[in-house]
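Could you have a look at this structure, given as structure tokens, before my questions?
Naming follows writing order (A, B, C and D), and every chain is counted from residue 1.
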Amino acid sequence: MTTEPTKKTRKTSTIWGGRFGAGVSGVMEKINASIDFDKRLYAEDIAGSKAHCTMLAHQGIISPEDRDAILAGLDRVSGEIEEGRFTFDAGLEDIHMNIEHRLSELIGDAAGRLHTARSRNDQVATDLRLWLRGAVDEIDRGLRGLQEVFIDLAEEHAATVMPGFTHLQTAQPVTLGHHFLAYVEMLGRDRGRMGDCRKRLNECPLGAAALAGTSFPIDRHMTAEALGFDTPSRNSLDAVSDRDFALEFLGSGAIVGIHLSRLMEELILWCSAQFAFARLSDSYSTGSSIMPQKRNPDAAELVRAKTGRMIGALNSLLTVMKGLPLAYGKDMQEDKEPVFDAAETLIICIAATTGMLKGATFDAQRMRADAGQGFATATDLADWLVRVLKVPFRKAHQITGNLVKLAEDRGCGLEDLSVEEMKSVESRIREDIFQVLSVENSVKSRNSYGGTSPRNVSEAAAEARRRYLAMDGG
Amino acid sequence: MTTEPTKKTRKTSTIWGGRFGAGVSGVMEKINASIDFDKRLYAEDIAGSKAHCTMLAHQGIISPEDRDAILAGLDRVSGEIEEGRFTFDAGLEDIHMNIEHRLSELIGDAAGRLHTARSRNDQVATDLRLWLRGAVDEIDRGLRGLQEVFIDLAEEHAATVMPGFTHLQTAQPVTLGHHFLAYVEMLGRDRGRMGDCRKRLNECPLGAAALAGTSFPIDRHMTAEALGFDTPSRNSLDAVSDRDFALEFLGSGAIVGIHLSRLMEELILWCSAQFAFARLSDSYSTGSSIMPQKRNPDAAELVRAKTGRMIGALNSLLTVMKGLPLAYGKDMQEDKEPVFDAAETLIICIAATTGMLKGATFDAQRMRADAGQGFATATDLADWLVRVLKVPFRKAHQITGNLVKLAEDRGCGLEDLSVEEMKSVESRIREDIFQVLSVENSVKSRNSYGGTSPRNVSEAAAEARRRYLAMDGG
Amino acid sequence: MTTEPTKKTRKTSTIWGGRFGAGVSGVMEKINASIDFDKRLYAEDIAGSKAHCTMLAHQGIISPEDRDAILAGLDRVSGEIEEGRFTFDAGLEDIHMNIEHRLSELIGDAAGRLHTARSRNDQVATDLRLWLRGAVDEIDRGLRGLQEVFIDLAEEHAATVMPGFTHLQTAQPVTLGHHFLAYVEMLGRDRGRMGDCRKRLNECPLGAAALAGTSFPIDRHMTAEALGFDTPSRNSLDAVSDRDFALEFLGSGAIVGIHLSRLMEELILWCSAQFAFARLSDSYSTGSSIMPQKRNPDAAELVRAKTGRMIGALNSLLTVMKGLPLAYGKDMQEDKEPVFDAAETLIICIAATTGMLKGATFDAQRMRADAGQGFATATDLADWLVRVLKVPFRKAHQITGNLVKLAEDRGCGLEDLSVEEMKSVESRIREDIFQVLSVENSVKSRNSYGGTSPRNVSEAAAEARRRYLAMDGG
Amino acid sequence: MTTEPTKKTRKTSTIWGGRFGAGVSGVMEKINASIDFDKRLYAEDIAGSKAHCTMLAHQGIISPEDRDAILAGLDRVSGEIEEGRFTFDAGLEDIHMNIEHRLSELIGDAAGRLHTARSRNDQVATDLRLWLRGAVDEIDRGLRGLQEVFIDLAEEHAATVMPGFTHLQTAQPVTLGHHFLAYVEMLGRDRGRMGDCRKRLNECPLGAAALAGTSFPIDRHMTAEALGFDTPSRNSLDAVSDRDFALEFLGSGAIVGIHLSRLMEELILWCSAQFAFARLSDSYSTGSSIMPQKRNPDAAELVRAKTGRMIGALNSLLTVMKGLPLAYGKDMQEDKEPVFDAAETLIICIAATTGMLKGATFDAQRMRADAGQGFATATDLADWLVRVLKVPFRKAHQITGNLVKLAEDRGCGLEDLSVEEMKSVESRIREDIFQVLSVENSVKSRNSYGGTSPRNVSEAAAEARRRYLAMDGG
């Protein structure tokens, strides 16, 4: 996927010309080799080989001497890679062959015994599961950290009034803390989905060999346990041809992306001059190459956009897997790049979101001012008619509609109408109706379970802290 | 979405001409009204209203008399719909207003009290969750039934030998029963995902009202319990703007689609003259309007194709939800058609797959013949070299490659080479190597956990019966 | 896809229970029959049959008497369908068999000669192309009409100043007319894409028969011409297995959707209390069931959302077609619903957008006020430094940045700084710099080709009227 | 997107731990910088700057001396990059700033004049269009080359008989050459779509500046012409916010992917032991790490799979663009990776397909044998009944069905029935019916326009050579 800068524009005929003209083997090597991206799996591959090797010796399939040589050799390979002294070779196709080849250079014949009773088919499935398990755990930690930021903010803003929107129109006043807690719920479900995905992916394909199992007396429970898996997978054909774990991860990740994109849309709106509810810190804003005054919420826009990337990754793999006959097919090699890209995108998006929120400031005064506009307490008025005058809600809705129209005509708010004016619409209206027309009273009154009242929000924040921040992410 | 047949081809200018020319209100009604598809929700809407009404009376918000009138009226509406005597009116936009309007015709003013302390925002979220919960339960039952068919077939074919494929090339012999059990595993994970989805969707939004909760003293736990939900949702903004449950369902459904499409690809291959491994029953085959001899696996092709439809539905809703600010927006009305379509598509696909498998016959003789082709036991030979001669696997792989080449040159199978010919490649080869070259012995020897040996398959089928068929689907 | 309302919630086990329990033939008929949706093709099917029949007679393959009987019979069938007197029967699978069956009831044996030298494979491909050609033409007319509305608005608002945004931050002042003309360009490209799609789809598959052509002496050019096609398709295998025309349409339609969704996002923002740049007419706004004051831009939200639907349709068919071997496969029956749905969705979205724009009002005063905020003329100041003082742009950018900071600290606009204050940053600044700081002068000065100056906009609107409204859409 | 290999599996908590813990600026730089991927645009960026600079001097906006310094400096930068001596710095965000920064190191103040009257918004849009134009041209050349291979093969196999499939069931005999020409048609449409895309993308955004145009007296036609564009774009807001060209490219590319994936599905089938119609050359086959006998069509599987990747890229960008308000937003930075990836994937897939076909061999004998199976000439028999006995086609279809059943019961082919046996079904059948039952005669008789007869195929191949190989690809 990484490509060297192209040559001059005017010579585009030569950009990829070489590729088409390349000897057949060049094209084949280029399309076939996966080492450019699967080298990410080196640690998992070595961990898997060590567990496999230890088990082979324990079962008497290889000798203790070979085992010791292999383990020591793998450690040396690992060291070489981590220290950047390892040369990856596309001619050796993939990470498995690169490592085994180097091992054989280091320890000779014993290296040739490592691949007993396994295949690259079960090996790569094991590696990818291990890698993804690590990513899922990291994502859970990231989501937990983001929940914590939201809960802190919710406590701080439990009574900060803002306009609640539906259809991006002022609907009813809510509190900013309540708004933040909505995201805590979304992220809580996200963590649940990631956890369920982890549970299902944590089965070990190693020992399924090419597709049918093996005649060697291996102990698959031993390798599964050594690698932290809950169990070996139960069917060898399924073990090498299943990529559900990747699809489930991509699907769950896309939903996290949806949540982040919704928040980013709000931040971008809130940072506009027209809303001016929020301001990002300098470190999350950028300037313009031409307009000296600009202060752009680039990070928010990028996080919003990167949802598209995660949806694309999900689509890619769904399409790849559709209609593939069992068992392993090379098509499945296309699983890695979408998984790597989606996981890494998600991680950086969560980190950026966390950073943005931590550094953002919110203009409570501006929010409060807008919360009072647009007849935001009309529902409170209607509810008063129902509660106090026993008017059926549908009729109360009509009466309130007429009062809104009256206020609109006068160019004032509902609370600016006189009782007499109100009585012209509904004669039984009394002075105490004005109590429900204040934004603060409106918010306070919404104390049904899950409602926006400041007391509710404080309690819900405390409850969320207990529920989510103690939650063990894997 | 349903459109009347168009007029004559040559007059296409008038096909939709009326639409563009239509009075503004016509276009608006057409794009805005959801009654054409959300009428599916009538039973859930009425159930929700009954629970809400009962709770309102219990809390003293409406009178017992009004409650009784409303409950009786709703039952009448329900009866009218079920008996086909109800007239749905697009002018009333949606199922909620259609029902409430009819209720008010039937019982007068009391109907106007039903909408106290709720909004269409929480109402539709409740309805859709209830509908989807029913669909998920039905899908679980369907998947369980399909697992049962597979387990029965696996027991029947525990020792039926077939060629195991990787890259659609003969790899190693496996058993047909083992192949079927791979699908039992896939469907088991599918049921797990559907179950997890159900768990997360089973929270009740009712009482979140428009977005902020309400000032009426409602009891959300009471309505939640009456409707079979585990709990009321915890945040009112989230309750009305969350569609995770639909996205998670669509994602999980797409993965089921992947599994079915893989199986269908196999059935289509197996029904070809070239494979001839299987034959569908007449009731799942169709003919041709021009070719009198055709016997097409249409149902299998349709199930394979409909995966695309489910992926499309998932994409639709992911795209709709991306970047929507809180709380409810009308965009979310586009949630219903993909959910309805995907659920109904999935249900019919599962039913068709179950029917196809039940009626299919498998040609064991043809499978057995192909299983022995293509040097399918070459791995067994290599493993013998490792096990008996203590050759490192990599070297054994090379020796076997040379033996395969030898056999290929002679135009025979590995088992047709003489010991002497074999010795020309590796002098220590002995007569007893031929034991591992038979397809039956190969299959028998794969008795590692999860491997394809007939004994394994029988045990695994029994274990699958215990694990999956007793599993409670919700 | 249409489903009757489900039964009671609590009995969901029976919702689709019948389906699973249904006799095999029930499931097969349900999944296999396409008449529910392909009846839309009746007019195209009949037109195709008439052309085919006329050609058969012309070539002497059927007799003139049979021809006359068939043509008269088809006209009767057409009449019955248009008058709603035709009974569609799922047992007859599709529109082709429904019509042929009725024809045979009406005219007897002669009907059996109509299917000579054709197959449903070429027949359905012909029908769908004809239908889509009509839809493309209608879409072109709709897009042209929308362009006209934009051009009218552009002329009206050629000098209406508004804030130009990048990153949703105030960037530079632009004119509303210029903004509208941006959409004229997008729609112009859309029409180009639709036209190119039409050009490629306008080849006639009829006569390809099942897949191989026919031995009857048919004249494919004659039928192609009779149906308005440019040419018969050149390869019979391709003719029956190609769905490029549908994919290209869906791709082009999705891009139209992107354009409409961008406009809708803007309308929704502009209708918010915080922007208040625009107001939709009552006929395109809706109210709330709970909040009596609401005025929601539902139509705009729906058009924005329906882009997701079109993307979903594109995905569905791409996934269906991926990896299908030639020639016709039943998978391709899944082409129709996404095409019908996307076309009809697009048509209603264009109509709704046209209606919304026609009825919308724009608040020029509010836009003008916001255009002057946020140091919107900072670029003009930097450009003045370059032009007048010969400062390199990069340095001018820095100086301007300092002046912006100065103004920000003083809490004023750039135009409110005194010359002395400015000189403290750059000593050569002179009084005439203030000319470039007014919003009106800024806008006027942007008269490079394609720039936003009112004179440019008027000329561009006139040019667009010439280019696009005279464009022949098909 | 490229990530260094991760640390040890068991320490996954530290895999990305640093990222979350990273100073805010680290996360921001990581998510914001595009230099890792947009460095591909260096040649286009420099070409654009040179054209811009030359024009600025021509218009008297910068001096000839500055122009000369800038042009010379840009050439030096270009040289440094091509020779690998350039250090890309993520701190400088993107390719534009990296180049400008280096230019300023090399030539000092004059470099600061280059960015006069432009912005990164129009600059990047210009760069990407230039890059994509080059890619489209390369793709056209690749597709043309692939058409040539197909046409050569079609001429070679004009009379090679194979079974024609519908539903993967034997339908009617066709010729292999005809099959190949079907792909020539598909690729011809692909080239048409790419050409139309190129036509629409070939408009120059340069000079649109940030979004509004500029007050400098630039000559946009001059830069457009210098860069090979047909015209400058007509609206500055559209110029910087339009990504249609990328979407249209991705859509057209996905359809190419569909075609390649269909061909690959066929090659994979044909290489299976069961079909055995084709054999890939060694250079396009791979082995197995465990099964010594394997010969896998990996390249075909990868090309089939990579369609998913192209569909994913299309989805990504469609989702990114949906609902973005004008003008430029940072979201659009996510356009590059899908475009680069899809273009490069497409190019390597076309090259691999070309290579595979060139080296493949086809087993005419095996194909011929299968072509005669499955009553493949039943349609011919029915057509004989229509033509000779004047039976209506529908009745002929029934009679043939009965004859097929008769043959099936006897376990023989239609041609193996005696005339007497046939007469038992339809008494008027005569001896000469056997002429139409041979596969060769069947194929020969399909000489309607576009049909499969060898003569047709030869003529169509010659015609395709004239039409497509002379076609100028841009």
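Rule of thumb we're sticking to: contacts are C-beta pairs under 8 Å (C-beta built on N, C-alpha and C of every residue); 3 or more make two chains touch, one makes a residue touch a chain.
The model shown is predicted, which means the values in this text are computed figures rather than measured ones.
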Selected pair, greater C-beta contact count between C-D and B-C: C-D
More than half of A-C's contact pairs recur, by residue number, in one of A-D, A-B or B-D. Which one? B-D
Could you give the separation in Å between the centres of chain C and chain D, each centre being the mean of its C-alpha atoms? 24
What's the distance between the Cα centroids of chain B and chain C, rounded to whole Å? 31
Where chain B touches two or more other chains at once, by residue number: 115, 121, 165-168, 171-172, 209-210, 269, 288-291, 296-298, 301, 304, 307-308, 311, 314-315, 318-319, 322-323, 329-330, 379, 397
Spell out the part of chain D that touches chain A in their complex, as residue ranges. 1-3, 5-10, 12-13, 15-17, 19-20, 22, 24-25, 27-28, 30-32, 39-40, 42-44, 47, 78, 81-82, 96-97, 115, 118-121, 130-131, 133-135, 137-138, 141-142, 145, 209-210, 227-228, 281, 283-284, 286, 288-291, 296-299, 301-309, 311-320, 329-334, 337-338, 340-341, 344, 347-352, 354-355, 358-359
Taking the touch rule as given, give the residues of chain D at its contact with chain C in the complex, in rising order. 104, 109-117, 121, 164-168, 171-174, 178-179, 181-186, 189, 192-193, 196, 200, 207-218, 220-221, 232-242, 244, 247-248, 251-252, 254-255, 257-258, 261-262, 264-266, 269, 304, 307-308, 311, 314-315, 318-319, 321-330, 379-380, 383, 386-387, 392-395, 397, 436, 443, 445-453, 456, 460, 463
Residue set of chain A touching chain C in the complex reads 163, 165-172, 268-269, 271-275, 287-298, 301, 315, 318-319, 322-323, 370, 373-376, 378-379, 381-382, 397-398, 400-401, 404
